[in-house]
Structure formats: structure tokens, C-alpha cells
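Chain naming follows the written order as A, B, C, D and E, and within any one chain the residues start at number 1.
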Amino acid sequence: MNAIILTAIWGVIMMFGGVFFKKNTTPKYWAIAGIVIIIVANIFEFFGHQIFHVDTKGMLRFDAFSLHFNTIVFICTLLFFLLSGRDFEKIGIHVSEYFSLIFFVLCGVSIVSSFNTLLLLFLGIEILSIPLYILTGSDKRNLKSNEASLKYFLMGAFSTGLMLMGIALIYGGNSLGSFYIDAINLGTGHLPVLIAAGLVLLLVAMSFKVSAAPFHFWVPDVYDGAPTVVTAFMSTIVKVAGFIAFIHLFQYSFGAMQSQWQTLVVIIIAATLLIGNVTAVFQQSVKRMLAYSSIAQAGFMMFALFALNDTAREGILLYAAAYSLASIGLFSVIAKMSDYSIAGFNGLGKSQPTLALTCTIFLLSLTGIPLTAGFTAKFYMLMAAVKDGHQIWLVIFAVICAAISAVYYFRVIQAIYFKEPTPEINAQMPITPAFRWIHIIIAGLIILLGILPGLVIDWIYY
Amino acid sequence: MEIKWYLFLSIALFCIGMIGALTRRNSIIVFMCIELMLNSVNLLLIAFSKMHMATVNAFGTSMATSAQIFVFFIMIVAAAEVTVGLAIIVMMYRNTHSIDINFLNRLKN
Amino acid sequence: MLGTYFTFPELLLWIPFVTGLIAIFIKDAKSVKAFALFSSLATLLVSVISLCYTDVAHHPEYVDYNNVSYVWMPYIGSSFSVGLDGMGHLLTFLTAFSFPVIFAATYKSEFKNANAFYALMLLSQAGLMGVFIAMDALLFYFFWELALIPVYFLCSRWGGEKRIAATFKFFVYTFVGSLLMLVGIIYVYLHTPSFSQDSAHSFYIAAFYKAVLDPGQQSWLFWLFFIAFAIKMPIFPFHTWQPNSYEQAPYPAVMVMSGVMVKMGVFAMIRWLIPVFPAAAAKFDHVVIILAIIGIIYASCIAIVQDDLKRMVAWASIAHLGLMGAAIFAGNFTSLQGTMLAMLNHGFNILALWIIVDIINKTTGIRKISELGGLAQKSPMLSIFFLVIALANIGLPLTNSFVSEFLMLTGLFHFNKWYAAFACMGVILSAVYMLNMMKNVFYGKMNSLTENASAMSNLQKMVLTVLVIFILVLGIYPSLVLHLTEGTVSNILAHISVK
Amino acid sequence: MDAIQFIYLVPLLPLVGFLINGLGRKTLSKSLIGLIGSGVIFLSFCISVLIFIAVSKEGFTTQDIQYFDFINVGKLNIPFEFQVDQLTSLFLLIITGVGFLIHVYSTSYMKEETQSGYGRYFSYLNLFVFSMLLLVLGGNYLIMFMGWEGVGLCSYLLIGFWFKEQENNNAAKKAFVMNRIGDVGFLLGIFWLISSFGTISYHDLYNSSNGIITSISAINSPAIVAITLLLFVGACGKSAQIPLYTWLPDAMAGPTPVSALIHAATMVTAGIYMIARSNILYSLAPTTLDVIAVIGTLTAIVAATIAIKQNDIKKVLAYSTVSQLGYMFLGLGVGAYSAAVFHVMTHAFFKALLFLGAGSVIHAMGGEQDITKMGGLGKKMRVTYITFFIACIAISGIPPFSGFFSKDEILSAAYASNPLLYYIGLGGALLTAFYMFRLLALTFAGKFRGTEDQLHHVHESNATITIPLVILAVLAAVGGLVGIPEVFVKNGNKLNDFLSPVFAHSAQIIASQEVPHQTEIILMIVSVILIITTSVWAWKKYKEYQPGTGEESVFGKAIKNKFYVDEVYDRIIVKPLNALSRLLDNVIDKKGIDGIVNGVGRGVNYGSRQLRLLQSGQVGSYILLMVIGMLLLFIIQLFTK
Amino acid sequence: MGITQILFWFLTILALVAAIGVISSKNPIYSVLWLIVVFFAISGHYILMNAQFLAIVNIIVYAGAIMVLFLFVIMLMNLNAEAEPVKNVYMKMAGIISGLTLMIVLVAALSHSDVQNTIIRPGTSIGLIKNLGKALFNQYVVPFEISSVLFLSAMIGAIMLGKKDPVKKISL
């Protein structure tokens, strides 16, 4: 609850800050201060010290898992602010408002990680999405940004419609007439047809949010068109929040009858892995490539939904951290570049050796090479899936797709180290020592989680 | 009336809205179609709320209430969405003098 | 004593790892070279000392020096367990020995960004060591991949013209294999008994050996593991990455790859494949052996017509590893002992061969066999070295490979006479291509290109002499190695027969 | 017994010589190199003599000396061991004795080599002797195989001694590879032995009291036939029998003393030794013996036929060796093991003599080897001429020279076994007489047919060359007397008696068929008369030879071109192998397997290009695709159960 | 057929016809008007089901506010029938077919649901404002507050996107 309230409050503070802040650079520091406070408050709540005592009537449920997830997300956001805070200034003049919207998104994130009724799921998802529609279009005079924003908005609204229809059907189908997600849980019996239809609609709507195929079509265009710094935020933090909501919902409401809808998840996973990985291979723009790669990674994260066991819950947290850290790091570099194509990375190994090394670590992590968090995350996902015991072929298919993913991630690595730099492009990237150090910290975190995943996982059982 | 007629009606409205969203290129009309879809959901929810009228929750209120409140929230959200959506459409119109959803087509492949 | 604070496997792993990290920061090319050489010599020293601490049968306290296990990820039953058994000793020694040899032999070569180069070399050594000492499946997988990454960078950064594509192919190939293996590891893991209260299953090697898998499960799991290992070795038809990447890789990297890395596959088959899936191994032994033998003949034939020295050696290596693959699956004491010996021998021989190819290439600037000739007049010493090494490759008696080939073929013959007969074709064909090379490169008349060939450096002479001495000593007294690995082999055979 | 304790010195000394000469080839002086090279062999020879004396003593039993565990894996234990018996000691004498003479001869013959070449030469020579000694001393098949491959290697090195000429290298390679083919057979034989009996020590296998073989009474059991045949394949390679004989004539590319060494003392006799050593095994496999006899006979006649048309002095001798080896195998094939060994010995003498004599001639002619360009050399090179003449008589089998006795013993044994073999063998003997005297006549008789320069150059060789010739001539003349047939002198066949312990057990297995003494004498007389007639005819025919006479018949041409065997081999083995290799490399591998691998990559790329077209950039189509996906999910969820 | 049924069918047909009118009108303004008709029809249904409060809200918020907003925007842009270019016929067909298929699939599937024949009768006080207001500010106070965040962000967005910034060149 601390997080929800504080993020909302800080969003309001930032909103008013837009009026009072004289310099464009000030909001960044306020935002960093805010997120630090929120992290601290959240950790406090994790250890049982609530600041705000609110009776939610059971509509929100703060367990160790959701609070822990919040902490991870906020820490990622902090790192994101530290790395890319200045890039908001490039979008336009409303820097403070951008931050304010980000905080509202974070409010949505904290809601979807702990919702207990479909109503709050719906509200959370909307709070998460609406600021993002705006942020996507925040580069107002950029037609790509306009286009992305419109596409995102229309499709997002459409998926909201699907989701609401699903909720309505589920409401009608369960005899209790309840929106509480644990009340929907019907045990292992046969799925009533109304609930089955509602489930499919919810699955589709949530798949849309987490960019699983074939509901992923908005992703490449929106990620590509949005200002890079916004892309970094929404492709990482918002997306993993979507996953948490997804899993939360399906585990509590439909977990017991998983066998009746697992096939759908299998189809979605297979399609997502295939489309994400294969399409990414041909992309020339790193930004767009990362968009496809985020689809591909979503395929892996969907395994948590496929398996729905403890390992999957552990894995999704790890995956959230690993994927977010690496992507934030990469996007922060792209945000500094004038050329998003792979050629933009040419010779980075020579001009920016430290950055090159950290980027390589990020890419290796995304590929899933051991000693990086990406590996442990994938490992947990695969383990969860194998533990589930069904559809081993899907796991094998997934690892083959992971191998395909090496193709496009390594194209960037090849550009960094084995290609000669093109002098005119990206000659003077504004790289500060602080930026470098934060990169190193992120890389360090990735490796740390690669060696000791327990650092993240153990807290679930605190 | 049997509940099924409401169900079919709202499905019909939902699908008509969907067909509109699929076939029209005017972004405002597409948006209106989506609103139509939301309204069909509202109708369905209220129909179901009547069905669950007898069930009472832990707080002593009828389960029908929760659905009606839900509809209320849907309306809130729809209003917010409309604000943002129209702002986006207007912004695009300012830049391109078009509200055709296919007019801007820089992002593809 | 030492065992209280540090065990040998740890030292073997951490020395190259830490020095590798340090090496990045030594900007001066000469110093980093010397540093790398000394680091590798230190590792070698540790390895040699560890060899003295092997007699576990008579000195049980030696277990403390050679095995250690730390808590790592207790909640999933994985631990940092490393240990040295006979086979581990053998292969860590090979690794420890190879690197100083490589550094010394290429001491004259200049590499751009020397610090990165030598750092990656040392890191690859650490990865390789890790593979050979890991007693935990997850740890094994970690090192299995980690050994690959530095080599990938080495080859892609310092290789030939088409290096990026060739090396990447190599990378993807092995990556696919290892990911498949990962699925297999997870599956087996979920069928292991518990080894601690913290988790229901364990990655510990003994747990893997005890995993309860019915033959049906073993059948498909076997292939998941097998493909990974077969790609690494490589066994026909998973070999196509090798000639290209060897052709493109810089010499030190290619020495690491063919001298040590390919042994990872052989090693892993013996340690992680056959004892874990004995039923499947028994079921598919014919398939694998036939593939391996096709590989022997196929690769030997292709080696005959190669014009590029590097490609020729690459194909020769595939042929030799084919024999090892067949011998492993013959699965008797003789063939396994032969394979053990062969791993070491092949390491020495191919290393020496690459050193010579490197010298030829560096001094003449060409690699085409057809353009070379008459080097024996220019550099008789080199030709003598090559002769011995070529003979060792052919498997002539009194050289090391003879014993290993003899044992492997004996074992194979015991398994099936026809297989041995076909595998022997490789013995004939190897003579053809090695002598072809001898004839066309060293014999004959000098030409304008080879006239300028300069002599070897003293360091190279020394290294080659050491290698030749090893070749001969092991050829005359192979018991040195056979005694070392006896225990391992009987353990593995016991596992196969028990299950 | 003392000498036998030092038996390890016999091979060790040449090895030491090899090392010293090899390492010091640049620093040591030529004379020192020669001295060391010959000296070590001489010392070995002395020890061999002592061993021979020790072995010939009454009550000697086979000695098995183990040094260390060579290979010890599980149940398979192969020690590094030597075995000494009569056969071994005889071979030791031949190898070191004849080898020593060749060394001495070489010190002078190779004088013109460069310093390092000289050193290299002697080190190889020493290594050669070492390998051969290892071969005969080995106490099990593996040690034998080590020597076996070792001689192959040395022949490779020496044939390609003048490595600047690629022809020599090709010959060397051919020799090695052909040997290798045989060796693989040998190796498989060893494997089979191991898998059947678990051991390959002669001691364990053949020991008269508790040998494993002895306990198996089944004659012609498939395993034994297979083992013996496989081992025989090895022998074919090493001893140049059909079909693996073509390397030997090509091996003439090396220096002439090397040919002497290969043909007389070492290498080619290895096959005979091996079969003689495994006589018990072979006696248990009569089928194999028949095969050996047939192949031996065939080789004898074919090689002899080819020899009559050859013009290269060394080629003639080479084919004669092949032919003589055929006789030896014939002897082995009909179970006359000691006769074969006897022929090995006499052959060593006269063939060494022939080659060394040929070397002397070539030396004198300044490297010329074509006998049609020689003639009349007898006047200028008396010693060479006489010794060569003696050798010719000996090889042709004219009594009382050595060749007569040994060949006669083989032929009579062949007659006892199957008269047909005898007749063919006799035909071969006649051919032998013919080509040897043709050679003699063309070289030494008539007018000189070379250039003026050569005529001036021709001279008798110096003492270091002639003395070995003389010694060998004496041996060739009288060497046969150790094996005088029973027909002439009771217990005259000393060699047979000496070797009898080795073959005793075989004699029990094979019921020996004795030819009646009268028949034997008649056969002998007939053959001698025929041989002498042929010899005289050949001498007459070629005494006044003038080149360029007449057309060759088809058959003659075929003979001259060695029945086109090399060409056939080239056509059916070498070329197809090369073509196959290229096919494998360029088509199967690059296009096939790698093509599939690359195809997967291209497929992914293609898929990528196609799939991204789904991303049309139009919201309408995105929603449409979403709806279709949703429909699919609905159908699956709601309508499939 | 009682009055309720007659009203039901009337409103249903009205809603469907108007909905089709929404998606088939060339002129956006007609679409808006048709949509308002739909809303009225739906509100009628609400009243039939005794959800008076929502019926009123629906009229006020949707028909009154939101649709007016739409009209404003359309008029602001001065759009008329020709403004919309012709869409690809195949896409149209595909859209219609898939939409209809979805409808058929859903109807076919849901007509087997076990609650379908529950009769809905008018006559409770649940839908009254008093009742709902109590629930909203007791049980649903948290979502209610949370929805304010939604509005805030929407507001910021509308302002930010609508405000005229110092001129920056349009980047393509």
C-alpha cells in the first residue's frame, strides 16, 4: 500500500513541480529522490512496517511476492532514472510531467502486482496504460511518435474492450457473482462455458499487454516510434508488471483447472517464441530489434504461466530483474545515439571500451549465457516448464529459439568488437563517468544474479 | 426475459463494434466503435447483475451492486480514455491534417 | 596443510581466472605476454603437484586435496563441487600443459590489444579447467558455456578474413547443443534423489548417476546430451563448423580449440553421458559407433584432398576424434582406457602440429600445401620435428598415439570386428594425408616463396622438443597415464553394469 | 646364458648409434659417423654371435625376458618382452651380420653425400637395423608390430632419402602406405588374437607345455583361419607378395645399399619371420597355408616373368627379390618352415651381394642404372664381376652354391604337397636363371654401350666396397652347406636340426609328407640341368646384345610394363579414392551437410524476411490478425475437448 | 408478450440498427448521432433492469458529455464524408467475416451455458443511487480513490498533448 500511495503522491508532486521548477534538469533529481523514498517505504512494508493503514476490503493483497516484486521494479526504475533521466529532456519541455506520468505508471504497477479483484486489475492496467499512451506520443512533433501513440492507443483500447468482455463473462459464469479472483477459482471441475469464454478473452487481453503473439503487433511499431527513453521504460518495467498481473490472475483464479487451458498457453508460447526470434533476425535497427527481442523474451516469461509452480514464480522474478536490467542498460546507450541501426554500434569497443563491455554483458545476459542473470532466469523458466512435465517438445523448441536469439544479439556484439568504427556516426556520445559507473553497477548486478540467483529468489520465502 | 437474450444482444453489439474497428479507417469512428464495445460490456454486466441479485457478499451487499459499480468504473475509465484518445487524435491531426489510421505508416516490418 | 585452505582443483580454476582478469589491466604488450606465460606456468606447476597427490587408494587423505564442495544454490540442490579424479587429473594436466606451450610457441606473434587477447586466453583456460573439475551438473554447464565465450571472442577478433561468420557458426552450433543439454540436465535433475534437506533433487554428479530414468526417457535424453557433446568433439555429421572455424581462427585459439576444447566432448561423454544413461548408451551404441566410423573415413578422405594446411589438420582432427567416439561407445575397459590416453595424446600431437603449421605459415606467409615445398632443406630441424609429430599422428609404434589407437581399436574389435576393421581404414588414410603433407611441404624443391622461410625461435624449439619427448615417453611407457585413469574407468564401467 | 642377459644390448646399440648419428650429424666428422654407424652394428653382431652360441648349446630352452609393463589395462597385459630361441638367434645373425657388411659398404658408397646427409643416412640405417632387431626379438606380437612398423618407417625414410626429387618421395610414400595396408591386416589379426585368447605373448600362446594355442585342438576353426589370414595380409605387405608387392620395385629410389638392406637382411624377410614364428598357429589353419602357398607361387612366377624384361639393374634385382620371397612363402605354405628360413638366410647372402655389386656398378657408371647402356664391365671391375657371377649362380640354384640347397628344399617340399606347385616353382627357377644371366651378360659381357665419359670413369671400387662383396660372395657360395639335404648326407641338414625345436609342434600337427629319395634326386637332377641350360642360353643370347632390336610382342610389352599393375591400381584405387574425397569435400560436405546447416540459417533469414511482412504498419490489419488469433483460441478452447 | 418483452425487443432492435448505422455511415457526424441512439437504447435496457442510476449516468456521461466531445472534435477538424479514403475491400471483407465468425462462435458456444435460461425480472432497489453510493464509498472507496490517479494522468496527458509548444520542426 505504501508504494501505491507514495507513487501517486509523488506523481502529483512532480505534476505540480512542472509549474515551479525553473530548470529542465531539476525534475530528474526530484524523481530520483522520490523513487528512493518509495523503495525505502516499500522495503519497510516488506518488513511489516506500513506507513498507511488502509482497509482495502480485501481488494488488494500484499504478500511477500508482490512486495518483493515491487522492490525489484522500483530498483530497476531507480537505475533507469539514473541512466536515462537526462534523456527525458530531449523529448520536450514538459520534463516534470513526464516524470509525473512515470510515477503514475508505477502506481499502476504496484496495483497490478497486488490486486485481488478483477476491478482493481482493470483499473491497474488502465493506470498503467493511459500514461503510456501519452508518453509514447510525448514527442509531439515527431510523426513516428504520433503514429506509435495512435496505434498504441487504439489497440490498447480495443484490448481493454476484450478484457472487459472477459470480466463480464466470468462474472456471469461464476455462481458467486464475485469479482474477487480467488472466488472465481472453481477447483478442478469442468470449466463452465461462460468462464471458458471469459478466460480466453482475458488471456488475449493480457497477452496483448505482455506482447505475446499473435497479439504482439503493436509492440515493434510502438517501441520503435516512442521516444527511446519511454521505450526503455515500457519495454521493461511495465512489461514485467504485466506478466506479474497475468500470472497473479491466472494462478489465483484459474490455477486449479490449468490443464483445461494449458493448450492455449502452449500455442501462444510457441507462436511468440517463433515470431519474436525469427523476425528479430532480419532487423537492422537495434531499437526495433530489441522490440522483437522483447517479444521473444516474453515467450520465455510465458513459461511461468505454462507451469504455474513455485519454480515458475521464482523464475519470473528473476526473469523480470534480469531482463529489465539488461534492456534498460541497452536502451540507455541507444538513447544516447543518433543512429539506431546496428552500424551505430560499430567500433564501440574502441571508442567506449567500458560501455562496450557492459553492453556485451547485457547482450550475453539477454542471450542467456551462464554467469549472467539472463541464464539463471532462463534456467528457472525451463526448469519450471520441465517440472510441469507436459510438452517437453515446447521446452526444446524454446531452447532452439534461444539459440536463434544468439544470432541477433551477437550481431550487435560483432558490431561492437569486430567492425571498424564509422567515424561520423555517434562520434561524440555524451557519456559521463557517472553513466559509465551505473552501467558497471548494472553489469555487476547482472553477473551477481547470474552467480547467486538466491539473492532475488530467497526473499519470496521471507 | 431470459438472460441469454441479453447475452446475445451484447455479443452482437460487441461484434458490430469490432467489425467497425476492423473496417473503418477514420480513427474517430474506430474509437467510437470501441466505445460501442465497452457499452455492450456494460449492458452484459448489468444483465448479469440482475442474475446475481440474490447472492450477498461478505459485506452484506448484494453481488448485483458490485457489477453495477464495475459499470460505473468502466464509464470513468472510458471518459479518461476518451480524453487521452481525442488528445492524441487531435495532436496527430495538427501534424498531418488527417485522421486516417493508415495515413501514418512509417513504422512497419 | 594446503588441503585445509585450498584444494588443487580450486587453484587450477582460480589461478587462470584471476590472472586473466588482471591481464586486462596490463596495457604493455610485452609484459602481458610474459605475465600470461608465467601464470600458465604456475597453473602447470599446480597441476604437476596435484598429479603427485593422486594415490587415493593408499592415501585417503589425498581426497581432501582433490575434492571440495561449497554451498552454492542449496535451494535447488546445486553446490560448487569440484574434484579431481584420474580423468580430471589427466585433462587438467593437458589444459595446464597446453597453455604455456601455446604461449611459448606463439611468443613471437604480435596481437593487437594484447591485454585483451591474453586475458581471454587465460579465461578460456579457466573455463576449460572448470569443465574438467566440475562435479555438479549445473556447474559443469556453466563452465561448458564459459569456455566457449572467450574462444568465440578470440576467434572473431583476431582471426582470418571470414572469421566473423565462421566463428559465429561455431558459436551457434555449440550453443544449440549446449542448450539442448541444458534441457536434458534439468530433466535428469528432476529425477534425481535428494542429497540434502534443502532441496528435493540435486545436481551433484552422484545424484545424476542415481537418477531414476526408465529406458524410454533415457532414449531421448541421451540424444539431447549426445548432440551437445558430439558437436563439441565433433562427431560426423555435426562437424561442419570445425574446418571453417579452424581455418579462420588465430593460431593460439585454434590450439586451444583443437588441443583442449574438443576433449570437452570426449570427457563429457565419458563422465556425463554414459554413466547417466547406461540403458540408452547400450541401445544406441551401434548408431553412434557407425556415425563415428563414417566420420573417421569421411574426414580422412577429405583431409587427403585439402590444400590448406589448417583445413587439413582440422579434418585430421575430426578423424581422430571419430575413433575416440567409437571407442567410448564400445564401452569396455580397454577402449575406455585407450580413449583416456588418446585424449592426452591427441592434445599433444595436434598442439605440436599446429605449432608447426603456425611456424610454416608465419615464416613463409602461405598455407597452401601446393605452394609450399622444400622446407626440409631450409629448416631440417623443423622437418624432423614434423616427421616425429606426423608419425605420432599416424600412430606409429613407439609414439604415443600408437598405444591409444591400439587400445581403442582392440576395445572396438572386442565390441564388433567389422567396426574395428572399418575404423582401421583411418589408420591407412592418415598415413596418406600426413605423408602427403610431409612430401609436399618439406620435401621436394624449394621455391621462391619458401626460400625466405626463417628458422624457428629457441622457445619454439624448446616447446617442440618437450612435446616430442612427451610423445616418445608416452609411446614407450603409457602406463604413466593408464595407471592414472584406471580407477575412473572402472568406476564408470561399474556404473554402467549396475544400472 | 650370460649372453642372453645382455640381449637388450642387441637392439639398444643400433638405437644408440641412431641417436648419436642423428643428433650429431652436423658436428661429427664423416669418418666418425661411419665408424659409429658400423661399429654399433658390429657390436650387436658380436653379441648375436654369443647368443647364437648360447642358444646352440645343448639343453637350451626358449627364454622369455620381460622388462616392463608396456600396456596393462584390465585383463589385457602386454609386457615389453623379448623372446630368444633358435629362430631369433638365426635372424639376429643374419640381420646384424649382413647389416654390418652393408654399413661398411655404405661408408664408402655414400662418401659424396653432404655432411648432414651422411649422418642422416647412417642414423636411418641404424634405426632400420634397430627396428628389425626389435621385430625379431619381440616376445609378443605387439613388440613385433612395433618393429614391423619401424622397418616400414625406415624404409620410408631411406627410400625418400634424396627427398628433393618428388619421385623418390612418391616411392617412399607408396612403400609406407602399402605397408600400412598390410599392417592393418596384421593389427586386426592381433586384435582377434586378443579377443580370442586374451594374450598375444608367444610364451602364453605357443608354449609347448601350457600354451593356449596348444590346448585348442580344432584345426581350421574360423577364428584361427581368419587370424592367420589377417596376419598373412600383413606379411604380404611387408614381404611384397601379390597383391601388395608393387612398392618394392619402386623402392629402388633409395640409395643402393639401402636396397640391399631392405631386400637382404631386413624388412622383406619380416613376413617370413612372422609366419615362421607363428608356425603353430598356421599349422592349425591348413586353409591359410594353402592360400599362402598359392600366393607365394603366383608371386614367384609373376615377378620372375616381369624381371626378364626389365632394363634397370636394380629393378631386375627387385623383382627377383619379390620372386624369391614367393618361394619362401611357397615353402611356408607347404609347411616347410625351416626350408623357408633357410632360403631367407641364403637369399640374404646372395641378394645382398647382388645389390652391393649392382651398387658398385652404378657407382662406377656414375649413377647409370640402365643395363642396356652398360656392357663389358667385367674387364674393368674384376672383383665385382666375379662376386656378381657367384651370386648369379647362387640365386639361380646351381649346386653347390647356397641357393641350390635352400630352393631345392622348398621345391621338394612343394612337390610333396602338390606337384603342380613344384612345376610352377621350377618354371620360376628357370626364369630366375634366365634373367639373372641376362643381367650378368648385359652388364659385364660384350661391348661397352655407354658414353665416352662413363667409359673413362669406370673403375673398380675401393676396398671398403669390395671387401664386403668378397665376404658375401664366400657366404653365398658356401652358405648352403649348413643345410645339405638328407639325400646326400645323413644329418647334413644342420640348420633343420637347429631350428627343429621351434617347429617341433607344427611337425606334430602337420603330418609331413616325405618325398621318396629317388624321386627327389631325379627332380634335382632334372632341375639342375634345366637351370644350367637356361643360364647358358641366356648368357649366349645377351652376350653380344645391341639395343633397338625388333618389335616387342603384346605380351612382351605387358611384361615390360609390369602387367600394368601400377596403372590398374591407380585406376581402381588411387583415382577413385581421390575422386571420392573430392566429392565428399566439395559436394557431400560443403553442399550437403554444411548446406543443410547453412540452409537452416538461410531458412531462418528467409522466415524473418517473410514474417516481418505481417507487420504491415496498419492498425486495421493488426486488429484483424489479433481477432483471427483470438478466434483460433476460442475454437480450440470451446470446441475441442 | 408483456410490455417488458415488447420494450425489450424494441430497444434491442433499435440498438442493433443504430450500431450498424454507426459503422456504416460515411459521414462521421451521422455515426456520432447513431451512437447516441445506441446509448439511449442501452439506457432503456438499464431502466428495464432497474438500474436507474446507471441509465442516467449513461445518458449524461456518454450521450451528453463524451459524444459531444466527439462532435466537437469532428467539427473542429471539419471532417465530412469524403475525408475517409476507401479502405481495401479485402480488408473490409476479412474484417466483416472474422467479426461475424466471432459472433457465431460466441453465440454458439454460449448458448450452451447453464445460466442462459435464468429469467431476469424487474423490481429491486439495488440500482438506486442511494444503494450504489453507499457501496461506492464504503466497500469501493479504494478503487474510487485509485481512479482519481487515472483521471489525473489523463488530465496531464490531455494538457500536455494539447498545449502548443514552442515550435519545433516536425521530424519525420
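Everything that follows uses one rule, which is that a residue touches a chain if its C-beta (ideal position, glycine included) is under 8 Å from a C-beta of that chain, and two chains touch if they have at least 3 such contacts.
Nothing here was measured: the structure is a model prediction, and the numbers come from that model.
Comparing per-chain C-alpha centres with the mean over every protein C-alpha atom, the closest match is chain C. Ranked by distance of CA centroids from subunit A, the top chain is D. Contact tally for A-D versus C-D: the pair with more C-beta pairs in contact is C-D. The most distant chain from subunit C is E, comparing centres defined as mean Cα coordinates. Work out the mean CA point of subunit D and of subunit E, and you get 102 Å between them. Between subunit B and subunit D, the centres computed from C-alpha atoms are 97 Å apart. With each centre defined as the average position of its C-alpha atoms, the distance from subunit B to subunit C rounds to 65 Å. Subunit B has its Cα centroid 26 Å from the Cα centroid of subunit A.
In subunit A, the positions touching at least two other chains are 57, 119, 123, 126, 130, 133-134, 137, 140-141, 143-144, 150-151, 154, 158, 169, 172, 193, 196-197, 220-221, 407. Of all residues in subunit B, those touching 2 or more other chains are 3, 7, 14, 17-18, 21-23, 25, 30, 47, 49, 51, 59, 64, 66, 69, 73, 77, 80-81, 84, 87-89, 91, 95, 101, 105-108, listed in ascending order.
Looking at subunit C, one finds that residues 172 touch two or more other chains. Looking at which chains touch one another, you get A-B, A-C, A-D, A-E, B-D, B-E, C-D, D-E.
Against subunit C, the residues of subunit D that register as touching in their complex are 68-76, 116, 142, 145-150, 153, 156, 160, 163-166, 169-170, 172-173, 176-177, 180-181, 183-184, 187-188, 190-192, 194-195, 577-578, 580-582, 584-585, 588-589, 593-594, 597, 601. Interface of subunit B with subunit A (complex): residues 3, 7, 10, 14, 17, 21, 27, 30-31, 34, 37-38, 40-41, 44-45, 47-49, 51-52, 55, 57-59, 63-64, 66-67, 69-70, 73-74, 77, 80-81, 84-85, 87-89, 91-92, 95-96, 101, 104-108. Residues of subunit B touching subunit D in their complex: 18, 21-23, 25, 30, 101-102, 105-109. Within the complex formed with subunit A, the residues of subunit C that make contact are 73, 75-76, 138, 141-142, 145-146, 149, 153, 156-157, 163-164, 168, 171-172, 175-176, 179-180, 182-183, 186-187, 189-190, 224.
For subunit A in complex with subunit C, the residues that touch the partner chain are 364, 368-371, 375, 379, 382-383, 386-387, 392, 395-396, 399-400, 402-403, 406-407, 410, 414, 417-418, 452-454, 457-458.
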